[in-house]
Structures are given as C-alpha cells and as structure tokens.
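Next up, some structures in structure tokens.
Look for chain A in each of the two complexes below; its partner is chain B in the first and chain C in the second.
== the complex of A and B ==
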C-alpha cells in the first residue's frame, strides 16, 4: 500500500536512536543558534545535522524537501537584498538593480535558521516510523486517542485517495469527461466531491462504532503487543545535548 | 440461564419519524445460536446494535424498554463496559479496520491492548484466532491490502479474540465465497458449542436453517416470530414479511411434503433428502 509517511527503512545507527532523543535533538538544534547567534555556530549545527543525515543513509531523500525550501528562501534573499530598510553598502550591481550587504547577511541568517530546523526535523521524520514515535509517546503518557489520530492519518488518507480514484473511474466509465484542459478537469472535480465527502463521513461513523466495540474507550490501562523497544545510548546522547546547551548558556553569559 | 433479556424495547433514530424497533420482547438462553432474519430495513442491524449499546449510546434518539445482557442493563452502562461481555462484528469489513495498525497481527491485537490484557495472553489469543479463521498466511500483510473476504475474517477474528460471552454478528459473510462462508459458519458453530451465545443477522436462509437453534423474524421493527427454524420457515405468511424460505423448504412446500410426524416442512438439505427419499421408494 502507498504510504504518505516519509520514513525510509535503512540499517543505520541513527535509525536505532530513541524517537524521544530525536525530538529533543530538534529542540537542541533550535536552541543552540539562538543562545549563540554567530554564523560559525549556525554553520556548525547545520553541519552536524547534515552529517547525521548522511550517516543515516537518507541524504538523497532530503533533496526534494530542500529544493522546495530553497525555492522559498530565494525570494527571501532577493527581497532582503534589495529592500531591507537598513541597506547601505552596495555589494554588487546588475544593471539598475543593486544588492546590499546588510540585507544579504540578514537573508543568510534566515536561510541558516530555516535549513537548520528543516534538517533536524528531517532526521526525525526520515528515520523514525510514525507508529514507533507515537507508541513511545503513548508509553510516556500521551493520550492513546491522540496517538490513534496521528497514526491512522497515515493509512486513512491514502485509503480515501484510492476510493476517490475508484469513484473517478466509475464516473469515467459512465462517460464523464475527466481529462483535457483545466476547465474540463475542474468541472469533473465537482461531482467527485459529494460521494467522496459523504462516503468519508459514513466510513468515519462506522469506524467509530467498530472502535467502540473493541474497547477503544475502555478505562483499563492499555497494554502493548510488543515489548518496549530498548534504545541504545539514549541517556548518553540526551545528557551530552543538555551539557552542550548549558555550556552554550555559560559561554554566552561569561565570555 | 437467561443471557439476554429484552423487554418492550422501542427505539427511534434521531431525525426519523418511524420506530426502528417496535416493542420487542424476548429472552435468549446461554449458549443458544439465534438467527435474525427479515427484509432490508426490517431492523436487524438496529437490534444487533441495541445488544452492544451502540443503540442508544452512540446514536442517541428515543429509547424505551429494557435490554439486559449478561446481567448488565445496556442503558445504564457504557459501551466500553458492555464490549467486555458482548462482541459485535459489523457488515462492512472495510470500515472495521482501525487504520492505526500496520499488520493483520497487530490489528487483531488492537482490542486486546485496549482492554489491558498481559502481553503473553495477547499473543496466545491472537495466534488462536488466526488459526480459527484460517488467516495465518496473511498475518504480516497490511490490513488494507487484504481481499474483502480476508478482511471479513480478520474483523471476526478481532472480535472473537476478545472472548466475549455473547457474540453479535451482522451479516458477517457478505463478502465471502460459499466455501469461505461455510468455514466461518462452522467456526462460529464451534464457539457456540463451547457455550458462547451467538446472535446472527443473515440473509443466507439455508445457513440460518442449518446452524441456528432459533430464528427471530423481524418485519418493520416488529417481532413476528421467534421459534425453531422449521416452524418459522414453514409459516404460510413468510413471503408477506419479505423473507424467502430456504430452497429445500420451497421445494418440499411445492411438493407438499412435510417432515414425518410433524406439521413443518424440512429446512435443511439432510431433512429434505430424508423425506424425499422416503417418498421415492
């Protein structure tokens, strides 16, 4: 079955790290450049994230995500380089258009921050099964209902998309024009909405009933089919990150 | 022992003007196998849902009378409490897949995790039902990748694994081929012999006649009859209630052959064969 999860099954050290640690790493990669706002530190954090993505053998999967992010960032660079109010020093000129140093430096800061957040987030998303992440969180005390909502989305959305495909095929079989120019396709989309939305509502009602009779709302504490996964080095990595954050704060205050 | 007691049960869905269930009263003994028959919209599914508490807790609507399952009054207990005693399998297998599990094995374990069973018990029961419903070979598949029939078996297995005292099945074999429904029926009959009370809404009259101890005939939300298959299917007004007798009964009716020393027509292949052979000799 098609999945909308970005998870990539690979055999690597990063895949064996506890999902909670990866969540904390996002926080870590976010905090350090805020505490120590220099370019060196930002580049360093980004470097670590990218190194981890390479170690996890998922770097190629990041290309589409990064290309989308860079598309957005290019507009930031252009607009800041041209129009930032503090712009004074002209860096270079293309015809009548002048790019300013202050704006470009500011754009570089934003770019670094965004890529930093995106890459640390990708470590979590690409190397953690959504169900593992949710199970870990539920064991830590998150409500199983919220956990269910998160995990089921990954299966029920593709399911709805495939039922949409079936309905579209049925309509095409009865002679509806679904291919052609934009207008034709938009016109074909409207009759699709009724059955898809109504069908989804009815399915949701029936699924809710089926969950009820399987004790979903039972007040007995939940147990688990699988034993809790033992992750290696969780404590070590987490305390190293805590140590680095504390160190960064100290550096900022005293140096 | 009375496992299910229904007294003057009346129910109306919200936004509807007519009663879906109209003054039903009956009792079911422990270990009985009851078939519910009737035409479409006669109230079969609503009655099934009334036994697990989905009516009235899930739908709301106007409710009157009393349903007591295994000593619990449905109206004053939550669905989660009733679910420990009564298991229900629905018509549509596709919407019974939870969508939060990646394999058939995990899917079956879902209900057992919810009711807080220890891990070893979960594994033991899951293995047992996989074997009972003959779906071991697909236990690692994604639930959404199964065929309709396999999905239906999985839905039944998920409920049987919870070991309810009462099993309510709403057309559980609609997606199965004849061999598959035969297998499912004999699995259910096995459970019934182990003392589980089974309530089954079904359109396949031959199967109802063969397996059920008693048959409850519904029409427009009213109970027409609750008696042995032979008596219910021998009724003269059966077709007025929108139900066709098993084909064996219809053949014997046309030939005017009744069972020996009784006023009823044969309802199963064996009985029909017996009386017809007797006539040919």
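== the complex of A and C ==
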C-alpha cells in the first residue's frame, strides 16, 4: 500500500533535527519577511530553505510540488501584470497586450511569499516521519487521543483507497459508466463513494470497541512504545533563530 | 434520554475514530472527482458528514486535521485549515438546529455553507495568492472583473463564490443523501448522548 505522506528516508543532518525545531523554522521563515519586507530578505530566506532542502538530499522530491505551485503562479503573474488596478508604467508590450511594472512587482512579491512558505513547509514534510512529529508533540503535551487520530489517518487512507479500487471494479463490472458527458459522470459519483463511506463507517464501530478494550479512555499517563529519540543541536538552532528574529525587529525599529 | 449539548467537548471514542474516516472520505471524494474529471473539488464530504454525525466540534476537528494532513502532500492546504474548520462548525450547527432535515432545507443549507466558505477563504486568497483561487473558471472571472472594476476584493470574492457555492451545495446534498442512506445503528453510534458509550 502506498503511503500518502511525502516523507523521504535519507541520512542527513536535517533529518536528525528535532521536529519542533522544524516547526519553529516555518514560523521563522514566515516572520522574517513580514518584519523586513524587502526583496533581498525574501530571496535570502528562500535561498536558505532551498539550501537546507539540498543538504537534506530531498530537493528532487520538491519538483512535483513546486511545479504545481508554479502553474498557479504563472497565472498570477499574467493576471496581475495585465489587470492590477494600480498599473501605470508599461514595462513591455507583446502585440496589443501591455505588461505593467506595478503588477509584475506585486506578482513577484506573491511568488516569493508563496515559494518561501512552501519550501519551509517542505523541509518539515520531506524530512520528518509523520509519526515522529506526532510522538514529539504528544511528549510535549498534546493529547494522546488527538495524536492517535492524526496517526491513524495515515493508516486509514491507504485502506480506503484499496477498498475504493475494489468498488470501482465491481461497479464497472455491473455496467456503470465512468466516462461520457458531465451528467453521466456526476451520476457515477455516488455509487462509487457511497459504499466506501458505508464500509468505513461500519469499520469505525469495531475500531472504537478495540480501542476502548485496550484502555484508550483510561486517565493514567500513557507510556511510549519507542524510546525517546535523541535529536542534536535543537537548543542551538532554536536560540539562533530567536536571536535572528530579535535582530530583525531591532533592525526594523532602529535603522 | 436527555440530549447532551452539541458543544460538548467530551468526545466519545466513536466520535474520535470518526475523524480519520472523515479525512479519508474527503480524500477519496477528491480522488473520485478527479477520476471522473468533474469540474468541482468535492473534497469536503467527509467533514460535512462528520459534522452531521458528530456535531460541530467533531466537524471542526475533522476539518482542521484534514487540512493538516493534506499539508503533508501539498503544503498550501495548511493555510486553508481555517476554511475547513468554518465549514465543519457551520454544518454541525445547522444540522443540530434542524436546518438540514429535508432536501429543500439541504439546498438552502448548502448555499449558506458555500457563502461561509467564500467569506472565510477570500481574505486568505488575497493574502496568499493576491486574490486568485487556482481554479481555471474562477480565475478567468477574476481577471475579467479586475480589468472592469479595479477592485481586487470584489474580483476575489466573486472568483471564490462561483467555485465554492456550487461545490459546497453539491457536497451538502451528497452528504445528506449518504446520511439518509446510513443504517440507523451506524448513525446512532456517534449520537453524543452518554447512553451509547457502552458500544454494545
């Protein structure tokens, strides 16, 4: 069964950093361009994230995500370049169509903001196993019940996908059409989805019973199956990021 | 049998295991919609169903966890977790107040939920994408209105409106249909009134 998470197992320095630090890095990459809104700083943040993705040996895996993001960003560039209300200065002309400087600069801002956020998220997502992230959060005080819910999603989705495959074959064997005009395709939606949902909901009953029998609702402190992982340099990286944020605020106020 | 408040935070185990299923249903709905090449997302059926079965709190939790999990395959959806939470809350409240009890009412509720989703998503779209949604038809409208009226907010609102309202309307109708088709013993399971906690 195919896993739905993007996590890639590699041996790198980034993989050994603890998940909380990576979460804080996302916050860091969001905050710095807000505190210091210049193109140089945004490019710099993006550069750091990309460098970290390269160090983590996962840069290749970012291609599908980025290509989807860029598809949308291209339309942003075109629409803002043509139609942004503040457009005044014509930058260049292609036939009868004029691209404006203000719109393109705004589109560049959006592009930098989006790629910045996406790449900082990708560092977390590509180098952290979801179950490790949840376990760390539970150790930090998140409710283990919510932790279970999150981890079990990664288990349930592949199960539901395989049951969807079975149902799709069964319905097709009974002559259900999945191609044709829009009405035919809309009509096929419910017979495909209905049985998957019903099966999954009936399964929850068993799952709930199994959990309760194993003391899911017990109020005693939970223990862990695995020993706590040792992560390196957490304190150092976190204080460096805090120092940089404070520095950026000071720079904004005094310079 | 005294009915517990729909805002009860003491979730039963059955309600908790409903959440991952809701996320799975959202995912499958989106997959099937893509497979059938439907022009809508249909990726919130699970959230809506969870809110109908378990109430606004379960709906909101399902919405939030849904987008956090999607974030592991597509980081942009983290941003839209707020919209999912709003959808879960709105459906839960409407349903438990009895506003989704017939097909006619479900249509009205679908429109309301579409509006809620639009109002919550528009500021996110403006802050994140400069106002676009990433849907071809909506963005074409966005470009058209931006060229005509000079108002990013209006253009963005309508962009989101034309995509979200039909989508949420259809989602609510499909979910209501599925809900009505559920065997009683399954629907009863999540009814948050202490008596079912024994799970016979």
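In this section, the second predicted complex is superposed on the first by the 233 of 255 C-alpha atoms of A that agree within 3 Å, B and C clash if a C-alpha of one lies under 4 Å from a C-alpha of the other, contacts with A are read in each partner's own complex, and residues count from 1 in each chain.
The definition used in the following text is that a residue touches a chain if its C-beta (ideal position, glycine included) is under 8 Å from a C-beta of that chain, and two chains touch if they have at least 3 such contacts.
The structure displayed is predicted, hence computed values, not measured ones.
Once the two complexes are overlaid on the shared chain, A:207 sits against chain B and chain C alike.
In the superposed pair of complexes, A:131 makes contact with chain B only, with no contact to chain C.
Residue contacts after overlaying the shared chain place A:4 against chain C, while chain B stays out of touching range.
Shared-chain residue A:156: touches chain B and chain C both. Of the two partner chains placed by superposition, only chain B is touched by A:219; chain C is not. When the two structures are aligned on the shared chain, A:234 is found in touch with neither chain B nor chain C. Of the two partner chains, chain C is the only one that A:79 touches; chain B does not reach it. Contacts of A:118 after superposition: chain C is touched, whereas chain B is not reached. For chain A, the partner touching the most residues, choosing from chain B and chain C, is C.
Once the two complexes are overlaid on the shared chain, A:68 sits against chain C while remaining clear of chain B. Comparing the two complexes, residues 148, 152, 155-156, 159, 203, 207-209, 211-212, 216-217 of chain A contact chain B in one case and chain C in the other. By the touch rule above, chain B contacts chain A in their complex via residues 49, 52, 54, 58, 78-80, 83-84, 86-88, 90, 92, 94-102, 105-106, 109-119, 122-123, 126, 142, 144-145, 155, 158-159, 162. Chain contact summary for the complex, chain C toward chain A: residues 11-14, 16-21, 23-25, 27-29, 31-33, 35-39, 42, 45, 49, 61, 65, 68-69, 71-76, 78-79, 128-130, 132, 134, 139, 142-143, 146-147, 150-152, 174, 177-178, 181-182, 186, 189, 199. Put simply, chain A touches chain B in their complex at residues 1, 131, 144, 147-148, 151-152, 155-156, 159, 203, 206-225, 227. Note for the complex: chain A touches chain C at residues 4-7, 65, 68-69, 72, 75-76, 79-80, 82-85, 106-107, 110, 113-114, 117-118, 121-122, 125, 130, 145-146, 148-150, 152-157, 159-161, 164, 178, 182, 185-186, 188-190, 192-194, 196-198, 200-205, 207-209, 211-212, 216-217.
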